[in-house]
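Just so it is clear, A, B, C and D label the chains in written order, and each chain counts residues from 1 on its own.
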Amino acid sequence: MCSLRGYLVNIKTRLGTLELANPLVLASGTAGYGREIAPYLDLNRVGAITVKGLSLFPCSGNPPPRIYESASGVLNSIGLENKGVERFIQEDIPFLETLSTRVFVNIWGTDEHSYRDGARTLTAIERIDGIEINVSCPNVEKGGASFACSLDSLASLIGKLRKVVTKTLIVKLGPMKEDIGAVVILLEQLGVDAVSITNTFPALAVNLSNERLFFSRKTAGLSGPAIKPMALRMVYEATQASSIPCIGMGGISSGTDAVEFLLVGACAVGVGTATLKNPAAALEILEGMQSWMEGRGIERIEEIIGKAR
Amino acid sequence: MCSLRGYLVNIKTRLGTLELANPLVLASGTAGYGREIAPYLDLNRVGAITVKGLSLFPCSGNPPPRIYESASGVLNSIGLENKGVERFIQEDIPFLETLSTRVFVNIWGTDEHSYRDGARTLTAIERIDGIEINVSCPNVEKGGASFACSLDSLASLIGKLRKVVTKTLIVKLGPMKEDIGAVVILLEQLGVDAVSITNTFPALAVNLSNERLFFSRKTAGLSGPAIKPMALRMVYEATQASSIPCIGMGGISSGTDAVEFLLVGACAVGVGTATLKNPAAALEILEGMQSWMEGRGIERIEEIIGKAR
Amino acid sequence: MNEAVITGKQIVGNFIEFTCTCAEVAQHAVPGQFVMVSVSPTLDPFLNRPLGILWAKDDSFALLFEVVGRGTSLLACLEKGDTLPVLGPLGNGYSLDASSALLLAGGRGVVTLHFLARRFKELGIPVSMLCGVRDSSEIMLERYIIECESGLRLFCCEEGVRGLFQGTVVDALEEYAALHPLAPETVIYTCGPEGMLRELAMHPLLEKRRVEVSLEALMGCGFGVCMSCARKSTEGYMHICSEGPVCALSEVTW
Amino acid sequence: MNEAVITGKQIVGNFIEFTCTCAEVAQHAVPGQFVMVSVSPTLDPFLNRPLGILWAKDDSFALLFEVVGRGTSLLACLEKGDTLPVLGPLGNGYSLDASSALLLAGGRGVVTLHFLARRFKELGIPVSMLCGVRDSSEIMLERYIIECESGLRLFCCEEGVRGLFQGTVVDALEEYAALHPLAPETVIYTCGPEGMLRELAMHPLLEKRRVEVSLEALMGCGFGVCMSCARKSTEGYMHICSEGPVCALSEVTW
């Protein structure tokens, strides 16, 4: 009955010209390359999967420890470990080709060239629907965070990527020095199709047993329910400032959390840390969202996107 | 026995030339003007009390609702309601005069003049040991947040205040656009005695029952355990960049939380939201901190301040 | 914070009643006061929840709460023998200097008025009590109406339920007043949902009378330090936890 | 996630043993695997905790865990009848193709080796088991040593305890090997604290032998998506949850 009722609400959503069957997106870094999560979650039932951040060449990531738990949150310092674009194409694209869901590939580089070369190779793969540019990872020395430090360097990078990316181009933002409104206006002008907001927040943990910093790279990125109120503010401000489609994320762990992001202006929602706790979280969130909408007599998801002002 | 053991650890600390009997400071806005919390907590046992942010003239604050609970955190939009400097001096200083603990007064203004006039009046009150300048409240239109937006405006304000404040001058910082290291270096150069880090983080909540933003001023400030990892990072970066004494705060709710702030470089710690849950929280945190130090055979608090690098 | 020990638990529809032992709270509590209750031993949810005191006697007191959200759901999982950290009693209570009293309760507003009625009964002061609920899911609240010798008790429900007066507390009040004109010295005490209080505030029957109301507000601390619980009053904002929860109905603005 | 129902709880010193019913977990579990256990229904602590499987049979399985921090303290509060959300069984198990086995357990490392010994006993494979603990507070772990017909069982304690071999598992191993030279085909299985594993990795007695080890790491997900559980190995980083927890001792670097 539940699933039958589900069909009463039209939950199709769009990111620019790309249609998603529903607004639930698996966030990058918490769903592996797809195959790892498949035994626990029917990937064809989410709107899209975003694979772990890829770089042109494999990257071994940071030394352990890589994860720390804080109040209602998680700090990670994975350091963007990944198998690189080539191995991903060989090992994972065949599996992803068996799916009907949207596939986004998150990428990062150490300079404009490596971003561009990665993007160029991936945009040629038919199965890939969107390329998400991570300019906000706090966990690697040159993980692109520097690109978000000034509007100029961001414009330069994204301008070049827009030229090579023929798929839906998504830019993933995190907390930045620049005003988020100014950033999304710029990205819209550059022809970016959508933004993902937000990446993790720079944070730090202490190891009380040896009285030293917990992570070898000192700072790490905070995610999970703890950051939700800050992520909501960022999504609100970004969608107020421009009409660029936004995938809202940060601490979503229930159907009503997802509704909140839609209400402040996101047209899709990402689920990250909640997937670590429960691999099927995205589907439970989707169901919770739908039943909230049904309970309110909402027929189409557009009725609530950006309604809370 | 517990209290006897307590005396084995020397927990005296200093903010510049000012000595505190212990590092526990009641943060501004969660201890009223002192009298309100006195029935629940022996004020002479904390290192210092910081009273609710005062402005030159009384301020009625924001319309309700003013508080919202998020995962391990609290959003507040009190809007700096306060009775103004004059009434505070009349109604509360007599009570504060009966105490032996340090008294800090947190102030804010809408322009340089109102800050300066408030500071001038308060610095003349003998009982007041320190004046904490709030340049980081996200909850009022002109609550000083603008002063933290550029190093120039901050320098101009603090330069003027340093001239009139004869007491310990503390600047309270929050999340800012400017690099926190650059800010504390500037403040040190301006002769500021200490900094308090951090104020709340800009955030937002949604009211699901009416599908609107929860707070009338839209954004509100996030505090509580949720923000601790971000606060630790800020304190670490500030105390790495300069040697200005730092009162670290943000989500402290246990003795080991306090220890973590000391380890990353704070020489005193503030307790805010935890006091709302338990008015005696600061004392329990103090005891927890002491017994952690005793368990480790630490004799003086200086042994751990800034040890985690 | 004090540690109260739960000595009894009763499920009353969507409400839970806890009887607790805690001398510090019980011995000082007066009708109209509340406690702040810790709902979780973890860091989430972080804040305490305000709950009115249903009664207090010797070393015991009771709470009656509606399960409405995260905090009250967690509370509802506690069992006999568990400890409940509580802070209180807090706020000011109803004044007890009436020579006769009429209590008007709406929904969970019955909690503090139940305690008040008990106290009046002990003091030998005549008290009548009208209590109303929205629908049949709440009719078990009837048991909290105190029977007094001289006074009337009436339980009403907006939804039609056999054997119950159909209507709101305000309807019942009108009916009642038509039959038993309110004595001039009768003090009115009320607690209930905003809509009901607002209606009472405008009601001609209560005009120029002494009416005490107990208010609710979202609370951060419950003991007067955070200024979260502000509510518009005739003199700017009042703080419900420290200047209330009981105040004169005439002080409230709508 | 599956819902396991706790059907038994036993306090074993600073350890808790839960017997649970959950067919999905129990029917697929093999020795060496673990489950991710939800420790709180609230949002804090947020992540699940990895716990090895002590045994599994029909629709039941058991966990044995040490109370060391926030999560395990919350777990320890659960009682018979409570439900425990679990994900699993996860990771790869020990290989069962030995013709004779020697099990070396340190502390809580006994958990998965207990399951392995049971399985070997069922399979009729000769197994000896040495288990060591730090001090007398852990001697109740002795009950988890499985008695096998042909094999030896030995429980040792670093602290002197009357009637127990005094020393570490490595000391015991040396003593044992001096009396009963290890047959060349005996496969060694081990699980325990880092220090012990490291010592074994360097030990001449185990040189050129097949040694399987079960490792621990801080985990985010437990099912291979987050890359939190990386550990240096001979081929760069290995991920303990998906490429382990059991692997060849020779693959681990120190």
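Note that in this section a contact is a pair of C-beta atoms (placed from the backbone, for glycine too) under 8 Å apart; a residue touches a chain by one contact, two chains touch by 3 or more.
On a predicted model such as this, the values are computed, not experimentally measured, just so you know.
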item	value
Chains touching both chain A and chain D	B, C
Identity of the chain that, by mean CA position, is farthest from chain B	D
Averaged-CA centre spacing for the pair chain D and chain C, given as whole angstrom	55
Geometric centre distance via CA averages, chain D-chain B, whole Å	47
Approximate Å spacing (C-alpha centroids) for the pair chain B, chain C	36
Junction residues of chain A - those touching two or more other chains	71-73, 224-225
Per-residue multi-chain contacts in chain C, two or more chains	43-45
Chain-level touch network, classified as line, ring, star, complete or other	complete
Chain B-touching residues of chain A, taken from the complex the two chains share	70-73, 75, 177, 179, 201-208, 211-213, 218-220, 222, 224-230, 232-233, 236, 251, 256, 259-260, 263-264, 292, 304, 307-309
Touching residues on chain D, where the partner in the complex is chain B	43-44
Residue ranges of chain A touching chain C (in the complex, touch as defined)	71-72, 225
In the complex with chain D, residue positions of chain C that touch it	40-45, 70, 74
Touching residues (chain side chain B, partner chain C) in the complex	29-32, 36-37, 39-40, 52, 60-61, 63-69, 71-74, 76, 78, 81, 224-225, 253, 273, 275-280
